[in-house]
Amino acid sequence: MNAFTPEVQVAIARTRDEVARLHEELVRYELVVWTGGNISARVPGADLFVIKPSGVSYDDLAPENMILCDLEGSVIPNTPGWERSPSSDTAAHAYVYRNLPEVGGVVHTHSTYATAWAARGEEIPCVITAMADEFGGPIPVGPFAIIGDDSIGRGIVATLEGHRSRAVLMQNHGVFTIGKDAKDAVKAAVMTEDVARTVHLAKQGGPLIPIPQDAIDALFDRYQNVYGQQPAGVTK
Amino acid sequence: MNAFTPEVQVAIARTRDEVARLHEELVRYELVVWTGGNISARVPGADLFVIKPSGVSYDDLAPENMILCDLEGSVIPNTPGWERSPSSDTAAHAYVYRNLPEVGGVVHTHSTYATAWAARGEEIPCVITAMADEFGGPIPVGPFAIIGDDSIGRGIVATLEGHRSRAVLMQNHGVFTIGKDAKDAVKAAVMTEDVARTVHLAKQGGPLIPIPQDAIDALFDRYQNVYGQQPAGVTK
Amino acid sequence: MNAFTPEVQVAIARTRDEVARLHEELVRYELVVWTGGNISARVPGADLFVIKPSGVSYDDLAPENMILCDLEGSVIPNTPGWERSPSSDTAAHAYVYRNLPEVGGVVHTHSTYATAWAARGEEIPCVITAMADEFGGPIPVGPFAIIGDDSIGRGIVATLEGHRSRAVLMQNHGVFTIGKDAKDAVKAAVMTEDVARTVHLAKQGGPLIPIPQDAIDALFDRYQNVYGQQPAGVTK
Amino acid sequence: MNAFTPEVQVAIARTRDEVARLHEELVRYELVVWTGGNISARVPGADLFVIKPSGVSYDDLAPENMILCDLEGSVIPNTPGWERSPSSDTAAHAYVYRNLPEVGGVVHTHSTYATAWAARGEEIPCVITAMADEFGGPIPVGPFAIIGDDSIGRGIVATLEGHRSRAVLMQNHGVFTIGKDAKDAVKAAVMTEDVARTVHLAKQGGPLIPIPQDAIDALFDRYQNVYGQQPAGVTK
C-alpha cells in the first residue's frame, strides 16, 4: 500500500469519512445540483488532502471513493479511489492549501444567489448582522479565471488573504469558501448563500440601511470569540 | 439537584420537551440555517424559562440539552444541559419575560424575506387578510441593537408593547416573535415569513391595494375570538 | 347514528378518505402553512359535503375528523368529527355547492405567488400554454370580501360562473378553486400557484408575449378533450 | 407477443427501467408539477422509443406502464402499457428521433424559471461558467407552436440542429432538451432550470458581465472532453 505512518493512515480515514459526509450538507441546503460542487479537507499532520471525484453523483459518494492528493494536486497512486479523476477544481484546492497553511477545508459551489452576484461581479454588502457575525464585512469578488490550472487558486488566495471573509465570489463562476476545517468551510458556503439570498431580496425592495463599521467590528469580534460552546476547560 | 417543588419539576420537564420539539418546526418551515435561530418558553408557575443552547446543530437538540434559566437569563446550575452556553440571545429573551408577563414563548429567526424587510428598516404593510387575521395590522420595525446585552430585549418590548403584532423586525437583524406560549410564538414566526414573502412578491409587481382599517379590525377580532377549536365547555 | 341510506353512508366514508388524503397534496406542493387552507368535497348522491376542521394541524388530519355538513354549511350532528368547528370558510364552500351544481370539490389556499397577484387585484394573464390548457385564459380576480358569511361564496360564484377558469383570486385574500371533484379542484390549486409563479417571474424580466386567442382556444379544447387517459371503452 | 429479437427485447426492458426511474429526477429537482413533463429514450439498436403515458401521476410511474412507440410516434400494440395513451408530446419526441439520429433521449418540462424566459421569448445569455461548460453559449428560443402535430418537433430540430445547446426554450411553452441518452437529456433539463434561475436573479440586480467568446469556447471544450470520469482504458 503506502508508506504512511499508522497515525497518518488514521487521519486519512477520518478525513475521507468527514469529506464524504459533509457533501450531504451541500445537498440538504440545496447549494448544488447534479454533480456540481465539491469539498476537500486537509489531512491533519500530513501534506495531503482528500477531495471529491469528478462528475460523480451525490448519491454515490462514500469514504472509499474520495480521492487522496498531495499539495500539488496529484493523486496518490494505489490508494482507495485513485483510479478515478479527482474534481476538476483540484488544482484550485491544492493552491489554497499550499499558500494558506491555516486553511483545513475548501468548498466550491455554484449556489444560486451567490452566483447571481458573481455574474454581475458585485460584492455582497454587509447589511445584516448575521453577515457581520460570520464574515466581518462584505463578501468580496475575485477575478474571472479559467478552470483547470492555478488561476482560480491564485484568485482565491489573492482575494481572501488578509480578508475577514472566508468566502469569495469568483466572477461569472460561483463561490469558494475556506475554513479552519472542512465543516467550517461548509458552514461558510451555507451562510454565503443565505446572506446572498437575503441581501438580494432586500435590495430588490429599495435602499438598504448600512451597518456602522464599529458595529460590524463588534459583532464579528463577539461571534468569533464568544458564540457557541467553548472548548473544555474554558470557564464560562 | 434543585429545590424545585415536584410540580415545578414536572413543568420544567414538559417545557424542555416542548422547546426541543418546536425547534423542528423552524427547520420544517425553512426559517433557520445551520445553528441560527432559537426558541424559549417560560416554565408555567415559575420564574424560569427554557432555551436552546448556543451554536448546537438542530439535529442534536433534545430535551436534556435545552438550558434552564432564571428571568435574569442566568443558567440554573446543576440542571441538565447547564454545562453548555445558552443561546447568545438569552438576555433578549429574559428581558421579554421580565417585562411582558403575559408572554409564554419567544422565537428568534433570520428568516429570509422578513430579514430582507429588516435590512431596509421597512415595516410590512397589512395588505392580505391572513396578515390582518394574525397580526391585526403591519409588522413593525424595531431599532438596530447590538447582540449580547439588554438592548435587543428593550427594542422588542418597546416596539411590541401595546401593539397587536406578535412579531417585530429588528433592523438589519431578523425577527423576534412572542406568544402566549412557545407554540404560539412559533406560529407567529412561521406566519411572519409567509406574509413577508407574499407581500415582497406582491410589491415587486406594482401598487398594492390597502385593506380598509375597519376590515382589518373585523378580521383580527374574528380570528382571535372565533377561528379554530374552542376550549372544552364552550358551546358552538 | 343517522338516517342515511347504506349507499350514502358508503359515499360519505369514501369522501372523508378522499378529503383527508388530498390535504397532503397541499402540503407536498407547499400551498399552505400551519393550519391555513382547506379542501371540501360534495358527497355524491347527497346534499352533503365534507370539509376540514378549523385550525387543526395538517399532521393531525384523518378521515374521522373531517366534518360532514349540509349545503347550508351546518354540521350534521352526531357524525364523526361533529364536536369540532368546521373550517371558517365553510359558508363559502356551501354557497358554491348550492349555486354551482356541477361542482364536486372546492379548495382554498393562500399560496404565495397567487396571493401576491391578489394583493394587487391583478388577474394573471394567459401567456403560457400550460395555462391555456388548464384555465383557457386569464385567472380572474374576485371582489374583496369579509370572511364568515356568504360574501366570499357570492364573489366566487359571480366571478367563475360562465368563466373557463376553475380558479379565482379573491382580492387581498388568496385562491379559491372548483372542480368536477375534489382532486380536480386540488389540481387547479396546484396549477394556479405554478402559473402565478411562472408569470410573476416572466413579468419581472420584461414584456410578455401574448398567446393569440385562437391558439388559446385550440389549446384549451385539446386539453379538456384529448389529454390524459380516456375512460374505458373509448377507442384511441 | 412481438417479433423483436431477444437482444431488442432486453434493450426495451432496460429502456423502460431507465425512463421510469429518470422521471424521479424531474420530481427531485422540482422541474414538474402534477402530471406535467415527460421523458423518452430511444431503444438502442431499434427504431423504437419508450415514453411516459399521458396524464399519469409521477407516483404511479413504473417500467411496465411506460409506452413503446415506433419513430412515427405510433404505439406498438400488445406491448406492456399499450392500452394507455402516450404523452401528448409524443409526436414531438418522435420527430426529434427521426431527424436527429445522434439523439438518444428527449425531455420536456415547464420548469419555472426557464418557462419565464420562454414567456418573453428571450434567450438565456451565457454569463456563468457552468452554462459555458454545459451549453457552450446561450440557450436559444424556438418558435411558438401548437401541441399535437409535428410543429413542436420541427421547431426543436430547426433550433437545435448545429447548435451547441442541448436545450431549447419553446416560446410561451417550456423546455425541450436532447442528449446522447435519456440521462444526458435529464441533466440538460436540470441544468437549464439552474442557469435560467441564476441568470434571472443576476439580471434583476443590474448589468451582467459577459464572458468573452474565447473563454466560452475553452470552457465548453474542456467540459465536453475532460470533465468527469474517462471510459475504461483511457489513461489519465
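First chain written, first letter: the chains are A, B, C and D, and each begins at residue 1.
One rule holds for everything that comes next: a contact is a pair of C-beta atoms (placed from the backbone, for glycine too) under 8 Å apart; a residue touches a chain by one contact, two chains touch by 3 or more.
Keep in mind it's a predicted model, so treat the numbers as computed, not measured.
Engineer: Chains in contact with subunit A and with subunit B: which ones?
Structural biologist: Common contact partners of subunit A and subunit B, which must touch each of the two, are absent.
Engineer: If you list every residue number at the subunit A and subunit D contact, are more than half found on both copies (same) or fewer than half (different)?
Structural biologist: Mostly different residues.
Engineer: What is the distance in Å between the mean C-alpha positions of subunit A and subunit C?
Structural biologist: Chain centroid spacing, subunit A to subunit C, equals 46 Å.
Engineer: For subunit B and subunit C, let me know how many angstrom lie between their CA-based centres, rounded off.
Structural biologist: From the centre of subunit B to the centre of subunit C is 32 Å.
Engineer: Two or more other chains touching the same residue: where does that happen in subunit D?
Structural biologist: Within subunit D, residues 204 contact more than one other chain.
Engineer: Of all possible chain pairs, which ones touch?
Structural biologist: Result for touching pairs of chains: A-B, A-D, B-C, C-D.
Engineer: Show me the residue ranges of subunit C that touch subunit D in the complex, using the header's touch definition.
Structural biologist: 29, 127-130, 187, 190-191, 194, 197-199, 201-202, 204-209, 211, 215, 218-219, 222, 226-230, 236
Engineer: What does subunit D use to touch subunit C in their complex?
Structural biologist: Answer in residue numbers: 33-36, 53-56, 75, 84-85, 88, 110, 112-113, 115-122, 144, 146-148, 171-174, 200, 203-204.
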